[in-house]
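Before anything else, here is the set of structures, which you'll find just below.
Below, chain A partners chain B and then partners chain C, in two separate complexes.
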Partner chain A sequence: MNSELPIFRVDDLAISFGGGTRRARVVDGVSFHVGRGETLGIVGESGCGKSVTVMSSVGLQPSPPSHVDGGSARLGDVDLLRLPPKALRRLWGSRIGVVFQDPMTSLNPVFTIGMQLREALAAHTNLTDAEREARIMAMLARVGINAPERRLRQYPHELSGGLRQRVLIAMALICGPELLIADEPTTALDVTLQAQILALLRDLRDEMGMGILFVTHDLGVVAQFCDRVAVMYAGRIVESARVDALFRAPRHPYTHALLASTPRLDSDRSVPLPTIDGMVPPPGARGAGCSFAARCSRAQPICLATAPALVAGQDGAFACHHPVPVP
Partner chain B sequence: MSDAPPLLEVDSLVKTFPNRNGGGGIHALNHVSFTQRRGETIGIVGESGCGKSTLGRTILQLIRPTSGDVRFLGKQLTLLPDEALRQMRRHMQMIFQDPFASLDPRMNVATLIAEPLVIHRLGTAAEQATEVARLLETVGLPAEAAKRYPHEFSGGQRQRICIARALALHPELIVADEPVSALDVSIQSQILNLLNVLKRDRGLTYLFISHNLAVVKYVADTVAVMYLGRIVEMGPAEQIYENPKHPYTQSLIAAIPPLQPGSGHAAPPLQGEAPDPEHPPTGCAFHPRCPHAMARCATEAPKAVDIAPGSGRHAVACHLHD
Partner chain C sequence: MIRHLAGRLGQAALLLVGVSFITFILLYILPADPARQLAGRSATPETVETIRQQLGLDRPFHEQYLRYLGNLVQGDLGRSYTQKTEVAEVVAARLPPTLLLMAAAIVVELMIGLTIGVLAALRPGSRFDQGAMIVSFIGVSTPQFVGGILMLYVFSVQLDWFPVGGYGTFRHLVLPAVTLGVLGAGWYSRMMRSSMLDVLARDFIRTARAKGIPETRVVVVHALRNAVLPVIAMIGIDVGLFMSGAVIVESVFGWPGIGQLAWQAIQQVDIPIIMGVTLVAAVAIVLGNLIADLVAPFVDPRIRLR
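Presenting the complex of A and B:
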């Protein structure tokens, strides 16, 4: 793990949606980095901006309706936010691989698996037909697909959900990207299948050494799969840390409440689950203070007046005036 | 444990759906039997396609079974004509997964919650309005919510509206099909707490269907694990979670990623995927994926046997235990 030499580094990213008077900031002041062979989890609830952040940082968020208001996203020494579309497209599929949540909508239903894999490879390499077929076969075998010759002739609807997700992983990794974007890649899968896919991704990461940006709402998946994690709330990173530190001693009250309200196998049924009352403020209604203050049990007057900055601590960074004490 | 008759008795329930050629090919439910006491929460768990939602709907006769019996409040639901069944529906209600799809967007909340009362002709308009106000309070919504429309509410609030609607007729049984799966964790815990409070205050009986074993652990007294249309293990929740007997139950529990980093998965993940229900494996449906499969598992389907002799409360369908 080489986090001192990040392969991907996002600084002070700001994104807004809409135009004119309806324009609203949805992501603000977001910075993070991913090292070689490292997995950074971006975690948060619906609407916190996790997918928009990650997709915008690699130029995959359609604009309009989104606008990049500021910041940079560097893959090596290239700022993806300032790259012309044509140059950006050359990076997608070659240096940047992407796996989405829903394997059914990510594959084209009218082309066979083989046609789609060949297209992905042909767009970025100058291999001969024979070399290309060999590489596709090897990749399909590597992601655990039996009888790859038969699968290549099939259409997406002929494959099970698990096989489709394996095909997508093969497609994302076939050019050996430095960075893999995985946006809720196991959310649509059953729990036994999720365990298979996470084990596969972990092995491939260790073998190929790519950095992974892993977007998820599932804290259990973060705990088991990620090295570091950034927790997002209302468009900002409110806490980031190595996973062991975050789960042992969450400092931001939101992180703490999120962990506490997740039912676990060892939860005591006779005690009500802790809850987070209220709702996330919508974009445009986020005032000067901390966005979580209205729902926070530790809030003080200062929290409503001034937004706390993300301050680095011993094990990570958190943005809170009154952090949860270390147990 | 009292000798009172069970609230619900499901006996050898079978539901076969036609396959693509119109034949009766897909066994969504394959001889499912269990009984439920009044006030008992039974959690039905299993992965996509195991038949857990079909089971809930078939019990309520929203889908008519191919064969088998459902006895509820002493009545054989499968034999009831439609009108008599409509009367019985007062006592059994359903909550669905998607609170966005299950509320008519053109009706305001008061109309939505009063609709069951109107359909069953219960009370005057004034009495219904009073009842709506009481139900809103019960599910933790402000009184002024009555005049608003579903799109003005968040997912968690909409699920509260659905719960209020389900409670309007004072049902005995509520079938809750993935009621918190579409909600964020902070909202999910609010709804789970509400369901637990309602159970305590109103003596409700829940059939709680979910793919999330941690959620089911939190609400269920008894857990039934389904695989390809059959219950493969059923017993008291604490026994199912602490001492699962069926290899499938063991794999399901082992596959839940724990919230402690570094604790890792105890066992390698279960291999393969659930089989095509149109072409189920011979013998035990789980045998192609089972780490303990023996020769007879491929030929002979295991019957559910009681492994807590005398109690009749923990049954497993597996050749390791018969």
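Presenting the complex of A and C:
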């Protein structure tokens, strides 16, 4: 599914951390958009700025220590980066739902599941008790939780990780948001649960029509689940494309190397899996050129001198002076 | 639950025997002689010897102790040397003032300590936080007699808002309770601050925020309920401490509680009273901790008593 009119559009987002002389730009010039019923994957290594980008774009990144230095993040026609805290809070949980990474720590241990779900619904609706309970029951059933009456009275520690993540998904979607932010929602789960949770999210997306911003470091999950993908490296988007195009013909050398270092069932096991040498440069040490240049096998003098701009190609966009040729 | 309680009470009984034994030894090896103290300066050696025999202090240590323990098991704490009344009666008469002062002091501690701790945790590193932590540190480092005398001087002598000492009305209660509360609040504010900072950084706080509920609700409902657990354990310890340790404040303010009784008994080497007060304090410490343990599962359902 795709839509011409994006429901969420981020333009030229720049974020820095710290204060005074230690202030460092961690995210720079990031733009992306999500359409109704569409899933945009944001991939990258740990520390590339993907979570910070997404959480900042909806105002959920604590500030300080982070600061949004520029850009816009429009949900419909409101710019979230310019909303006062109260107005933002009205959108959180109602038009924006969030599912976090670790279901074991993301529910409050001292309150029942029922209280935590009721609170999410009560914050944005004026339903009667009976209507609210009915809606909660329906939502729990919808996310595949059986015996919901019993679950409502239980505490998080009485539920398994998979069940907790279903509760968190129910909590994020209970007010029917237009945008769902899923920050590595399957990373903390084992593989069979991962597949179940992904299938559930896909069904819910198709049914409720929300756009999903899916943050992950797992290219396999992106291939299964996303429509489009933006690859982040050292605080910038280096390539974005439709998922099929990106996997078929990655243009940025980083994307290419990342794909090459992903194990596949049909890869030759006698050859060691390729790795990307070196480290992601820390935020303070990013020079004028392309931040990947030091680790790039295709780097030329120009790569160290000037940072390449993100230019639109046939199937997407990439930021590289010497892109990998289309096979 | 019942097994847990039974186990705890058994432990408490053992603890009391231990406390009574150690206190008894300490009092036995004390150079002060209660018989001489009772007889007065001008008494003849014969009189002193007679008193010693009457009190049973001429018997060997093990005999004295076993007799005390035997009486204790039957609920008999003995008779006071100086007041010629049952220790149980003397101590029971002093309990209500001490319990009242303890409750009032803990209320003051909690009101000041928790408020400051939470506010400091919301803005770590701010001027308020730094100031609050310095003040807390001064509070916990100020000796009680200094704090008490300062309060007396300012609010009784200079401003004449409260009586200089005594017991009976609410106005009598204010200064000793505020002295204990203000000085003790520093422990609570420091503990609350660190506990709150820890909880505010947890994932479920982010989840709560992402639901769009008001920030005050995030802090007061979601964070506070989790952060308050160490405070409950601390109240349990405080109950025990105030039962035995309000000696100085009770003396400064002439508060007729257990602490004052202990102070007088020590001066007069009134061994049965000293023993009685020590045992009451030990019971209070055990009870305070037991109550804290029993309350904890209601705050955090993950805690189960075994």
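Note that the second predicted complex is superposed on the first by the 324 of 327 C-alpha atoms of A that agree within 3 Å, B and C clash if a C-alpha of one lies under 4 Å from a C-alpha of the other, contacts with A are read in each partner's own complex, and residues count from 1 in each chain.
Everything that follows uses one rule, which is that a contact is a pair of C-beta atoms (placed from the backbone, for glycine too) under 8 Å apart; a residue touches a chain by one contact, two chains touch by 3 or more.
If you're wondering where the values come from, they're calculated on a predicted model, not measured in any experiment.
Participant: Based on the shared chain A superposition, would you classify chain B and chain C as clashing or fitting together?
Facilitator: fit
Participant: On the A-aligned overlay, A:274 touches which partner chain: chain B = first, chain C = second, or both, or neither?
Facilitator: first
Participant: Thinking of the overlay built on chain A, is A:171 touched by chain B (first), by chain C (second), by both, or by neither?
Facilitator: It touches chain C, and chain B stays clear.
Participant: One more residue to check, A:261. First (chain B), second (chain C), both or neither?
Facilitator: Touch status of A:261: first partner only.
Participant: Touching A:90, do we find chain B (first), chain C (second), both, or neither?
Facilitator: A:90: touches chain C, not chain B.
Participant: May I ask you to decide whether A:120 touches chain B, chain C, both, or neither, giving the answer as first, second, both or neither?
Facilitator: After superposing on A, A:120 lies in contact with chain C but is clear of chain B.
Participant: Who touches more of chain A, chain B or chain C?
Facilitator: Of chain B and chain C, the partner in contact with more residues of chain A is B.
Participant: Which partner chains sit in contact with A:109 here, chain B, chain C, both or neither? Use first/second/both/neither.
Facilitator: Second partner only.
Participant: Which partner does A:98 contact after superposing on A: first (chain B), second (chain C), both, neither?
Facilitator: In the superposed model, A:98 contacts chain C only, not chain B.
Participant: For A:155, using the defined touch cut-off, is the partner it touches chain B, chain C, both, or neither? Pick first, second, both or neither.
Facilitator: In the superposition, A:155 touches chain C alone.
Participant: Using only C-alpha atoms, work out how near chain B sits to chain C after the chain A superposition, in angstrom.
Facilitator: Least C-alpha distance: 8 Å.
Participant: Same chain A residues contacting chain B and chain C, which ones?
Facilitator: Touching chain B in the first complex and chain C in the second, no residue of chain A appears in both lists.
Participant: Name, in rising order, each residue of chain A that touches chain C in their complex.
Facilitator: 60, 85, 89-94, 96-98, 100-102, 105-111, 119-120, 123-124, 155, 157, 168, 171-172
Participant: Can you list the chain C residues touching chain A in their complex?
Facilitator: For this pair, the touching residues of chain C are 202-204, 206-215, 222, 225-226, 299-302.
Participant: Within their complex, state which residues of chain B touch chain A.
Facilitator: 47-48, 154-155, 184-186, 188-190, 192-193, 196, 211-215, 217-219, 241, 251-265, 268-271, 273-274
Participant: Going by the contact rule at the top, pick out the chain A residues touching chain B in the complex.
Facilitator: 45-46, 160-163, 190-196, 198-199, 217-221, 223-225, 243-244, 247, 257-259, 261-265, 267, 269, 272-277, 279
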